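Okay, so here's the structure we're looking at.
Labels run A, B, C and D following the written order; every chain starts at residue 1.
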Amino acid sequence: MAVSHNRQRLKDIDNTGFGPNSSIEGGRLINSDGSPNLRKRGIPIWERISVYHTLLRMKRSHFFLFVLILYTSINLLFAFLYYFSGVEHLTGAENAHTFTEQFMEAFFFSSQTLTTVGYGRVAPMGMITNCIASVESLIGILIFAVMTGLIYGRFSRPRAYLVFSPNVLISPFKDGKALMLRTATYKNNHLTDVEAQLTLALHLKENGKTVTKFYPLKLEFAKINSLALSWTIVHHINEESPLYNYTKEEVEESKVEVIVIVKAFDDHFSNVVQQRTSYTYKQVIYGAKFLPMFEKAETGEYTILELDKINAHELVKMPEHAGHKAEV
Amino acid sequence: MAVSHNRQRLKDIDNTGFGPNSSIEGGRLINSDGSPNLRKRGIPIWERISVYHTLLRMKRSHFFLFVLILYTSINLLFAFLYYFSGVEHLTGAENAHTFTEQFMEAFFFSSQTLTTVGYGRVAPMGMITNCIASVESLIGILIFAVMTGLIYGRFSRPRAYLVFSPNVLISPFKDGKALMLRTATYKNNHLTDVEAQLTLALHLKENGKTVTKFYPLKLEFAKINSLALSWTIVHHINEESPLYNYTKEEVEESKVEVIVIVKAFDDHFSNVVQQRTSYTYKQVIYGAKFLPMFEKAETGEYTILELDKINAHELVKMPEHAGHKAEV
Amino acid sequence: MAVSHNRQRLKDIDNTGFGPNSSIEGGRLINSDGSPNLRKRGIPIWERISVYHTLLRMKRSHFFLFVLILYTSINLLFAFLYYFSGVEHLTGAENAHTFTEQFMEAFFFSSQTLTTVGYGRVAPMGMITNCIASVESLIGILIFAVMTGLIYGRFSRPRAYLVFSPNVLISPFKDGKALMLRTATYKNNHLTDVEAQLTLALHLKENGKTVTKFYPLKLEFAKINSLALSWTIVHHINEESPLYNYTKEEVEESKVEVIVIVKAFDDHFSNVVQQRTSYTYKQVIYGAKFLPMFEKAETGEYTILELDKINAHELVKMPEHAGHKAEV
Amino acid sequence: MAVSHNRQRLKDIDNTGFGPNSSIEGGRLINSDGSPNLRKRGIPIWERISVYHTLLRMKRSHFFLFVLILYTSINLLFAFLYYFSGVEHLTGAENAHTFTEQFMEAFFFSSQTLTTVGYGRVAPMGMITNCIASVESLIGILIFAVMTGLIYGRFSRPRAYLVFSPNVLISPFKDGKALMLRTATYKNNHLTDVEAQLTLALHLKENGKTVTKFYPLKLEFAKINSLALSWTIVHHINEESPLYNYTKEEVEESKVEVIVIVKAFDDHFSNVVQQRTSYTYKQVIYGAKFLPMFEKAETGEYTILELDKINAHELVKMPEHAGHKAEV
């Protein structure tokens, strides 16, 4: 059969970092946010998890919740310490008599110490309470050193800020067809020396065993100088493509996955940024082409990029040639 | 015609990140500060704008104004909170009776809490006021963590600190002519492995439609080891140039734009830095050449680079050859 | 003899940064943590040691111990200064009469000044004490600026987080054998464009002198796109290998050392990361092969990487061919 | 004459970033600390100087002196503001009656506000004094944000920490001679992928005018994998060298300058680091060779690098061949 002939002629690649043995790999390889679909185990979680990276990549709302909970917990802990070492050693807290009142004074004294605001209405007296307060203010400063670093790390982390079209299109191209996806930057950032790399993963049955094979997909342009507007990444499905003469059914059967890596230089960060994504066969649309996503401003003085049109496409009639009707 | 012949022989490039369809692009492509002449829309502004990048690239005076306004706003907000939860819960503010006096005490107590200066002449009492103050001091610390990061980010951002000559010259060169522009670093920084890349954008009429075509401009030296003095970037307008036999009228008609990217290694930042600019046909001067911009110190012990002479040039007679009189 | 024939045909390399003169070099070249097995002397220790790097790479527990000791020392120093300039200049410390009481007040006043918590129960009066306090609060701020930088530097330092198999295996491979070692990332990080480089160091006797020779080891795959699972780095011991026809005795005699460098791009740090290690002949296992270290999750939706199996291997029978029986 | 023949055969390079016109360049091109021997003028000093870079590269003692002077100046300024807006608005300063006493209270209140220590023994009262204090505490926080950034920037700045031999030697090499210089890292850092680049600058008389010509010097090894010990950088003075058959007199006459750039990857910084230096003809020693600068530890377990021997050399007899006696 022509199909398998073609793929057999092509060299699959073995240096993707994924193994060929599908039977011991589960589900898709790369999630659509670009992370590998993978869990690690065998060593304790605190060795396996980088706290810094986790806090760096946490959603902003979660991060601030985490800070609030940490702040309250440390204050509660030290409030107990001050309470048990005697509220009488906190000058200014003499009028607090009930547990609630005393604990409250201890708690807010703790928060004033941790943040180094130290009003002094309540202040420590005596060896033990002074020692605890002295350690707490040191801890406060160290924690907020960590916070400063984390917050700086969060917002200075070089990111590509790319949005990808949710779908991959199979569009008419030259006198055949092509696989197309579209990307654009959605922030006020500007990428130069932008490179894309597409890898096709196929889960094939060979001698009764399912194996995963990887093929690079050749691009019309694998590198552009500058990503100011949008970039339609095009893989021409010609004789040299592993997708040539590949029917829709085969695509589904072999659970096609297209892994996308985009690397670029961002001159605001003055750093290389990278973003990954992955498309499964369910995201492929047959016979469609992208519509332009930018237009001239009414005044004619600048160009407008319409980010909500990243996936804008219209259905089109695919060319029918001898030899590859009705496929992909 | 010879002109179009030449350009038709040359391959235009399609990987600039700009589209070929001029009719939907407005105005110049790159502003002279290197940013793309582009607006984005279609997603909410808070997703489209990177607050960090905006604050990073804001003018210094605007940045400090922003900090002052933010500081005052937060203090006003918390002053209202303290006022409404009862100024009687602020010890030391007992002598304030009018609204103005009480609000003033609340406002300055807020500023003392936010900056964690906490003199304690005025101090919080009771659950609610203490809670507000506790949260405010946390916010204060987080905000100043952000400030520390931003200020560090602002002054440590790798930049090329290049000044470009405001004009592009068409000068005599070898036995023909060349397009020349000049650049130099204007700070006490030193660039090595400096690369320049020039791209020509032409807006041409083809079959009644305006299309944008891009051509790389070959440079005499595309890379220099070190940019200590000034660098005159030279494109020889010979048979292989897309500008060969191109008349002044054609230059204006096709709204020529020269996009310049300079990339280098800065050893103070130990980082790659990049700067872009762009020249339109209005900035081209015909028949001129740059004058030297450095001279020997009187003592003879070092060289002086005169930055105010970056655009210094004198008009010269252009060579007239058979076949390309009166053009560019 | 075939063995020496082979090595003599191969070009050893001289650009490893290590000298060829074994007689003046001691012990292994690279420690297993990747640092060179080397001491420096001849210039004072404070010029030879980068304090920043030392604090950056110190174990976490040691680092916090260091901070605690530094904090206590500075407080002790300033406590003495306040004590000798007169505790009567500290308002609020009037009730302290014994040396212990007065020194304690001075000590805790110092800690409140250093951390800028400044409760004010004890506060400075008069020129000298005020001056000391003013300088101490400046020092406090500068020290905590250093701490902020160090803590940020510690957790933002780009690292590869690679674990290497403790052993190098000699496994059957194709119709011969290969040297194999395995690596994987043990944190929630993801490396792309991963490159490995293996260098073989041999300590050989030549004309009665011991010389060190270096050979690059050619890899089946020297670069993989992405390190999501584990990577078995394979050097085929064929005719082109410096290890071809090399007996176990020779391996021990020449104190074989395999130096490994892995370089990759980490997209969380957006930076190049590098990790080195080294294996001596004592870590080589003959006739063994690695067992898979990942498996499909029970639900089939993702893959599990078992990090405790990094060195998992089973003994296997090595192929015996004419010409290279009983060797490596 | 053979000499000029040789140099005329060689192509000089024009992409060094220095101009060819010696008559308008003064003195040596690169100082021995690697900075260009150059001043800039023509734009105001505040545009020409990067304050950040200046503070980053200032000597440590100067930096701390600068901080102390800045701290005192700001305190003096605000002390005047508090004094002129009325010391009676500073509670706790009522017992200060003379100018000296009042100014002292104002000065130390200012320092307590600037560092946010805020004891509260002295505290602001009333609108104006409160406003000044509120602004001062904001300024304090911003200044110490800058300090945090600067101090972090100072100690995290990627540097190669290379020491170069103070002299360049002309040593016997193969059956001719070579130009040699030696480098080593002097801190506990480790460089990999180390590249050296040597450029020769000659100031020659041509048609009565002095012109500067540049030639690359080919190295025996231009790149080494790792710089653990020392590296002797060797340029073989053979027929292809611009220094071939070049007499000592000519070297002096043409004011030979050897510009050295070393670039490497430092894995502690995870960054590319670069260091430059330059040698003039006065630093060349004829007929000498470097002595080893490392030895085996007594225990034989590690190697010792002796940094004080970086320039250790002994005089040797140079080979005398037909055709190039008595030269360089």
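By definition in this document, a residue touches a chain if its C-beta (ideal position, glycine included) is under 8 Å from a C-beta of that chain, and two chains touch if they have at least 3 such contacts.
Worth saying up front: this structure is predicted, and the values here are computed from it rather than measured.
If you lay the C-alpha trace of subunit C over that of subunit D, the rotation comes to 90 degrees, to the nearest 5. The greater number of contacting C-beta pairs, out of the two interfaces B-C and B-D, is seen for B-D. At the subunit A-subunit B interface, residue numbers used by both copies make up under half of all numbers present, so the two copies contact each other through mostly different positions. Centre-to-centre separation between subunit B and subunit D, using Cα means, comes to 28 Å.
We define each chain's centre as the mean of its Cα atoms; on that basis subunit B and subunit C are separated by 39 Å. Counting partners per residue, subunit C has 112, 116-120, 148, 152, 271 as the residues that reach two or more other chains.
Interface of subunit B with subunit A (complex): residues 14-19, 21, 23-27, 29, 35-43, 47-54, 56-57, 91, 112-113, 116-120, 123-125, 127, 130, 133-134, 137-138, 140-142, 145-146, 148-149, 152-153, 157-159, 197, 199, 261, 269, 271-276. Residues 116, 118-120, 148 of subunit D are the ones that touch subunit A when the two sit in their complex.
By the touch criterion stated above, subunit A contacts subunit B in their complex at residues 67-68, 71, 75, 104, 108, 111-112, 115-121, 144, 147-148, 151-152, 155-156, 161, 186-190, 192, 194, 221, 223-229, 231, 265, 267-268, 270-271, 292, 294-297, 299-309.
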